[in-house]
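Below, subunit A partners subunit B and then partners subunit C, in two separate complexes.
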Partner chain A sequence: MDESIIRTLQEIVGPEHVLTDPEDLLLYAYDASIHAGRPDVVVFPESTEQVSRVMALAHAHHIPVIPRGGGTNLSGGSVAPQGGIVLTLSRMTKVREIDIPNQRAVVEAGLYNLTLQEILAPYGYLYAPDPASQKVSTLGGNVAENAGGPHCLKYGVTTNHVLGLEVVLYDGRVVQLGGKAFDTPGYDLVGLLVGSEGTLGVVTAVTVRLLHVPEAIKTLLAIFDDLDGASQAVSDIIAAGIVPATLEMMDQLMMRAVEEATHAGYPTDAEAVLIIELDGLKDDMEEIADRIAQICQRNRARAVQVARTAEERDKLWAGRRGAFGATGRIKPAYLVNDGTVPRTALPQVLRQVREIGQRYGLPIGNVFHAGDGNLHPLILFDPREEGILELVERAGAEIMRICVEAGGTITGEHGIGLEKIHGMPLIASPAAIQNMRWVKEAFDPVGLLNPGKVLPQTSEGVPA
Partner chain B sequence: MDFKELLAPYMDEMLRCTRCGFCQAACPTYDALRMESAVARGKIQLLLSVLNGRLDLSPKLSYYVYRCLDCRLCQQTCLSGVHTDEIFEGARRWLAHVGALPAPLQALEQRVFASHNIAGEDNAHRTLWRENMNLEVPAGQPAEVVFFIGCVASLYPMVYSIPQAFVQVLQRAGVSFSALDGEEWCCGYPLISAGRDAGPLMEHNIAAVERLGARWLVTTCPSCYHTWKTIYPPTSFQVMHATELLAALIEEGRIRPAHPPTVRRAGDAAGPLRVTYHDPCDLGRKSGVYDAPRRVITALPGVELVEMSTHHALATCCGGGGNLESIDPELSAQIAGRRLAQAQRAKAEVLVTACQQCQRTLGMAARRQRVRMPVMDVAELLLSAMEEPA
Partner chain C sequence: MNPEEMLTKVGRVLSPHQVITSDLCSACEVDGKRPAIVARPQDAGEVGELLALCSHEGWGVIPWGSGTQIGIGNIPRRYDAALDLGALDEIVDYDAANLTLTAGAGCTLRSLQELVEGKRQLLPLDPPAAERATLGGVVAANAFGPSRLRYGAARDIVLGLQVALTSGEVIDVGGKTVKNVAGYDLTKAFVGSYGTLGVITRVTCRLFPMPPERRWVLVGFDRAGDAFDFVQKVLDSVLLPTSLDLVQGRVVPNRSDVSLWGIISLEGTHEVIQRQYRDLGTMAGGAHARHVEQLADEEPEGQQVRRLVQDMPAVSPEPLVVRLYVPISAVGSLWSAVQHLEAEGQASLNLLARPGLGVLYLMAQARDAHLSTIASTLQALAGEMGGHAIIERIPPEHKVHLDVWGTPRSDWPLMQALKARFDPAGILSPGRFIGRL
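On to the complex of A and B.
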């Protein structure tokens, strides 16, 4: 990259916040997915104004910009396959406003999700989306991916809790979209930006909706000796009209990794468990818990246990949240699918996933948001094995396809990124993709914002 | 020659990192810098790149590897169970071997070899800490217990109070002990943690202790303790930390705390004295000693032990761990400030630790931030709760 551009970047954010050495570029060439792409420069702005100046500079010189938060992306969304500027928002962590009477907060994009929760806890409030990575994933990243999390079964995903965004546009202009109100006149541009994976603008601040901490919480662990029973129980709970706060499933392979990592108390001899959490008013909680227990027992649950203390509950969740990372105890790498299927299709799709694993000779672990049918089959492998990556990608593509065939979709919360770009035509018609392209052009006429992500190339059967 | 074969044995362990990035939440250095170069995931990717031939050895690479507290919280919390301690020890051995030791560590190494202490002073000055005390401290004499004082507490006036308090407690308990004075050499930990061997220092120290016929070696320094306990070859005597000895003496009734600790309190302070305990990484996470210091603190009258938000195996480092203070003193100070803030949030009146290095970094943070919270050693707190001898 041109020396004068580097100098200007240094003037904008300070020399110590511009990295160009090969060591540093390598450190921003990866995320938590299997993809990689090395930037030409890494920049750490501290304010919206600095982001704006960086964007104007990038626009003037036609340099790609890849926004980045905690680098925990699971679909290659924060790597730089075409080089350019990695714009890391990790220094933008200010809490601009906590407005308890109106149940809103305005925070900068680099703040960790969990840090926001910790700030809100003393007020008796929370921010509902709780991705498993919440202790290291940023709110900006959560917005970009429209992140979910276990509690999204009851409360919805990020888009249901974000009301306003401060966005720096491709040329450096700063716009405020939405605000504290539930609905804003005109097009829902906040809704458009949430989940746009950094391809439409750089989100620098987020106005979120806050919820009261529920009066009571009850966490159940239902233990099954067969996977079919567990997945049927999920279908039956939902069909019975019960909406727990969470309804998570973990299979035996994942429980073994998680137990080794966290000693949370998961039964490693069982085929699967459901982590079912109820929250709300104390009054009817016992009755609902009983109904859930009965449904589980009808589906051959070996036992339904209740977390007796907050510590027991925390341990179960620490295990669940740490599950992806814990796979390193089995194999050094994983490809995680993120398909979402109708809950009635869960038993059948899980059987098919298992069959794919057997056919390819690849271990596949499952730990996922069963309640909203959001699967996370983790294909575990050792990248040093000759030809393994191709095999893994083929198995991954097959899993995407069966999800779509079952009436589902290819991603629930991890984004398309680079990883699922070839799957886009499976779920979006050529006309729909064309519409997305027009949106992209409106927000990013030159194509410099996180280029090469989300939208497939025209050669993939989609008209330009 | 790049001697990459020294790094190769750690390849499998490095590949177990799934790059989930959860170590960002554990690493105090990352918390302060918010840059990937600070965190275990990043360092591992750099080292893998060296092994894969995608990155060459450079001063920056070396700087990043050494800019580490070696506090091991990344390992403690790693979901994949990656042994970051082994990986980074291996990396430092490799870097030291190829001559890529950062300059401050080269200077430290030369001081230790030349003077046998980290300060580069005449080693005979190791007696300075006791010379202004009105107390006879036996040295070089046969004794059941040898007190290994450590370089920092011997030579840095800010923490002389630790050995001074400890020997007074020992004498009041009637424990027969001896110091080594100039015959005490650096335990070797600064060299080992920089990636060097410390064989000659170890051999000298073992012989010096054995000459006195000791059954026990006791240290107030957790780094000396950890080094003697886990890196030194087996010895004819047992190694214990000062807090373990103090807890045993209290439980045997040889020390009787008589009154609440004499500590300056705020004018409006009421009820028991709120004491928090900072677990030194070398004593807690690396050596498994968590309870002994807490047993001493809770044995004192009028004291309530309150824990900070992180403690025991998950305790945050004071900022003084590893080689960070040599490499980047400002960063080390920043991390100390964050740990001190944890003590403030716990509403502690006194911050107690069991390590001269933690006491220095946290004490300096308190001074810098104008926080009126005494930072003291377990032995000092205990001594302040004992009757003056007649």
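On to the complex of A and C.
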């Protein structure tokens, strides 16, 4: 990259906030996926104004820009396969406003999800989306991916909780989309930006909706000796008209990894567990918990335990949230799938996933949002083994295909990024992809924002 | 446009019995403009072919459900054909076990609600005039009612759409899972786009379990200040009302002589409802309420109350209906601010507030000459309070100099760019959306 551009970037954000050393750039070549792509420079703006100037500069010189939050992306969305500027928002962490009477907060994009929760807790409020990565994933990144999380079963995903965005456009213009009030007249641009994976604009601040902390919470652990029983129980709970706050499943392989790492109290001899959390008013919680326990027992649950203390509950959740990382004790790398299916298809799809693992000789662990039908099969592998990556990717592609065949989709919350771009034609017709391209052109006519992500480069879906 | 010539061309797409001309088109007037033809396609493919034809010919076309929301919008710049989607009334896929329903855009909301109620499920969209409103129309307008507080609006409930484009192509966007991030969320682009980007031909919705019990709570107040104190307490509590409305006037029949009603719906098990009723009673007492009672939803009086809060903006006879949005804590100040209009003798008002949503409906009777001034004043007022106002109903002559959506903001060029790509010939509801897109 031209020296003069680096110098201008240094002027904009300060020399100490620009990285150009090869070792530093290598660090920013990765995210939490198996993809990599090294940027030419990494910048850390601290204000919207600085982001705007960086974007204007990039536009003037036709340089790709890859917005980045905490780098927890699971689909290669924050790596830089075409080089360019990685625009890291981690210094933009201001809480601009906690507005309890209006049940809103306005925060900058680099704030961690969990930090926001911690700020809100003393007020008795929360922000509902709670991705497992919340300790290190940013609100801006959550917006870019339309992040979910366990509690999204009851409360919906990021798009249901974001009302306004401050966005820097491809040429440096700053626009405010939506706001504290609902239904800003015109097209739902906030709805389009959420989940657009940094390809339509750089989100610098987010206006979110806050919910009151529920009066009561009850966390159950249902233990099963067979996977089918656990997945059937999921369908049966929903069919009984119960909407728990969470309905998570973890299989034996994952529990073993988690127990080695965190000693959360999961039964490593069981085939599967469900982590079922109820929240709301205390008055009928016992009764609903009893009904859930009965449904689990009808599906051959070995036991249904109740977390007796907040500490027990926190340990279960710490284990669940740390599950992806814990697999490092089995194999050094994983590819996590994110297919989502109508939940009645879960027993069949889980059997198919297991069969794919056996056929390819790859260990696959499952820890996922069962109530939403949102699978997370983790294909575990050692990248040093020759030829293994190709096998892993083929197994991953097969899992995407079976999810689509079961009436579902290829990704529920992790995004398309680079990883699933070949899967897009499974889920969107050439005409639908062309429509997405129109959206891209309307927001980023030059194509400099996070290029090569989300949309296949031709409408047939074959990257050029 | 010469109707004979149009008929000949449309005849290549539809059979003669699917097209209406002449005086019969008066039923599809919009802002005093009458289309030359009304076309009634049988399926999405025919909708696409018609749109392609309109694009080619440059004919302005407005999609119609049952017309319950059609008055919302600026005067059409051009209006040659109405697209009656009533024949797209197929139930495509009712997947009760997965709580999803896919149905044609022309199905009435009521028929779908009856269908799913048979399996103790709920399609929780309750816009005004739900008896007649079609699914496609409700989604195109992102229309909502009181229960948005608990369930969200069409924007939150719709999982996927089938849409016919002006190119003639028919696409599916979204799907039937709640979580889906495969590509851009095009569903959001079409929901609430008022028939200006494409024509919604089919909708997949999320369903919810039918609560075991539903009840209405009526709380009567003498003063607006007391009512809003009560509302603030409820919203800042752990209680989970499904809806919370305030209605001005002696609107609840056979009740004591109070002038302002808080109308709340509660859902859930009997214990949960009664516990909330007790808590609401305490809060109401603390806010000097004159009257507190509960009604079962299935009783005739419960149904009357439901229709009152749901339909008020549609059935009120006033010539001016404005939907104002502000941050939720500002609804009380907005309520008193608009009452100056009445105090100053400019208008007589009917008000319906949804404080938890930050929404106030204002229905005004005033001298015709004053209507557009009042409308602009309200748009400015909402803007000052951090919100906006949509003029839902006003006689068309007032729309000439007034954008019913308010003044376009910094995001408008993006909207213009989207419109230009989805509808390059500018034939879909032309001129009706914000900034006369």
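Keep in mind that, in the parts below, the second predicted complex is superposed on the first by the 458 of 464 C-alpha atoms of A that agree within 3 Å, B and C clash if a C-alpha of one lies under 4 Å from a C-alpha of the other, contacts with A are read in each partner's own complex, and residues count from 1 in each chain.
One rule holds for everything that comes next: a residue touches a chain if its C-beta (ideal position, glycine included) is under 8 Å from a C-beta of that chain, and two chains touch if they have at least 3 such contacts.
The structure presented is a predicted model; accordingly, all values stated were derived computationally and were not measured.
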Touched partner set for A:L192, first subunit B, second subunit C, both or neither: second
First, second, both or neither for A:V392, with subunit B first and subunit C second: neither
First, second, both or neither for A:F44, with subunit B first and subunit C second: first
Which of subunit B and subunit C A:I410 touches, first, second, both or neither: second
Contacts of A:T72 with subunit B and subunit C, given as first, second, both or neither: first
Partner chain(s) touched by A:E23 [first = subunit B, second = subunit C, both, neither]: first
Subunit A-touching residues of subunit B, taken from the complex the two chains share: 15-22, 24-25, 34-37, 42, 45-46, 49, 54-56, 58, 60-61, 64, 78-82
Contacting residues of subunit A [partner subunit C, same complex]: 99-104, 145-146, 148, 152, 156-157, 159-160, 169, 173-177, 179-189, 191-192, 194-196, 200, 212-215, 235, 238-239, 241-243, 280-281, 283-284, 287, 340-344, 369, 372-374, 407-416, 420, 423-424, 427-429, 431-433, 435-436, 438-443, 445, 454-455
Complex contacts: residues of subunit C adjacent to subunit A: 95, 97-100, 120, 142, 152-153, 155-156, 165, 167, 169-173, 175-189, 191-193, 197, 208-210, 212, 232, 235-240, 268-269, 271-272, 275-276, 325-330, 357-359, 386-388, 390, 405-406, 408-412, 414-415, 417-418, 420-422, 433-435
Complex contacts: residues of subunit A adjacent to subunit B: 19, 21-24, 26-28, 30-32, 44, 70-72, 90-91, 110, 112, 114, 133, 135-136, 260-262, 322-329, 332-334, 382-384
